[in-house]
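Order of writing sets the labels: A, B, C and D. Residues in every chain begin at 1.
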């Protein structure tokens, strides 16, 4: 069995509402990637499905490619389409 | 560090003072506020939410990119969070430079980059409901 | 009438407040100030002189042209006269619009038009003399 | 003899310094134009000569074409190259 690691998963805005939480701890196999974390979050929170294709992933506060490797304690955020600025 | 993401009210003068200096002939400042309507629909308020540390990191990246393109430019990016009624200021960007052309371009670049990449979201509150902006639904 | 040419100190907030409204999502403000050097030469102060009533008439024309090109834009153009040391603000232009792109373009248009046509002159004062700017001599 | 009219002539910045005055009354024949007022000012103030080609003329606070007719009481300004704005 592959050793496990824990990462922190953050949800914002529409993703937070659909997941019903803003933060949770996710257990993943060691060497898991940003994409795998996102896929696991979508499995655990089926209500996120409609947002799925629009969610970008950030790792440790920077946008990450899908194959970016995670480490124990990584902060993984699901980023719905952003809308900062003004009206 | 002259960037900010917080629930505190914004001040145009404060942002501008952070970038201004006797070596800078020009500053161009952008002030974005809550409009009382959107696509003809009345808006009661906007509610802004941010992933604050990452938003600040993105603001710093925007500043770094701007300085590379327009040497000598200084930027301050301030964004507000929370519930804001029409007329309230949600974002202030101040850009200063010895050259006015650079100040205009850097300020414009900063607001466009912020809108594209800063992890900040707004929800429009109407008399009869609300919706997150940008979901295309 | 939100234009001004006078020896009074300028306020960015005041100019911006004159154009801002709940129907305007964006304002872009230009602040021009006295630099401590020009072409590498130290500048002690600038001395501004204006043909005031005509300068105001030109500011109104600039506003009329801007409104024709960018409907819904509001402009305030404030210019200071007299002797100004480095760091002092000589001009503030505030442009507000429902659309940020229009606000940027109208603000830029206004400062370029002002520099081209407003009957305002400046003399640079150096440690060892002075000269009128723009005479090409 | 053509009847005369009086116009007010204003000098600014470098033109004011060279003319040694900021304002004077100029007597011109009726029907004189903006160009004629400028030519007369240059005659009366030879020190203005170096600025001559650079001077624009405004009549009653608006830039005027050379053939713009003047009237009794017109305000004619000689406008050296402008330099408003910032550094």
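A few remarks follow.
Note that contacts are C-beta pairs under 8 Å (C-beta built on N, C-alpha and C of every residue); 3 or more make two chains touch, one makes a residue touch a chain.
On a predicted model such as this, the values are computed, not experimentally measured, just so you know.
Grouping the chains by touch while chain B is set aside gives one piece. Taking A-C and C-D together, the pair of chains sharing more C-beta contacts is C-D.
Between the Cα centres of chain C and chain D there is a gap of 26 Å. Averaging Cα coordinates per chain places chain B and chain D 48 Å apart.
Shared contact sites, meaning residues of chain C that touch two or more other chains, fall at 25-26, 32-35, 98, 100, 111.
Among all residues of chain D, those that touch two or more other chains are 86-87.
Contact topology of the protein chains: irregular, matching none of line, ring, star or complete. Chain pairs that touch one another: A-B, A-C, B-C, B-D, C-D. Residues 25-26, 100 of chain B touch chain D in their complex.
Interface residues of chain A facing chain B in the complex, by the touch rule stated above, are 10, 12-14, 16, 50-51, 54, 58, 61-63, 77, 79-87.
By the touch criterion stated above, chain B contacts chain A in their complex at residues 32-35, 38, 43, 46, 48-51, 53-55, 57, 79, 90-91, 111, 114-123, 132-137.
Residue ranges of chain A in contact with chain C, taken from their complex: 86-87. Contacts from chain B toward chain C in the complex involve residues 12-13, 16, 20-37, 86-87, 98, 100, 103-104, 107-108, 111.
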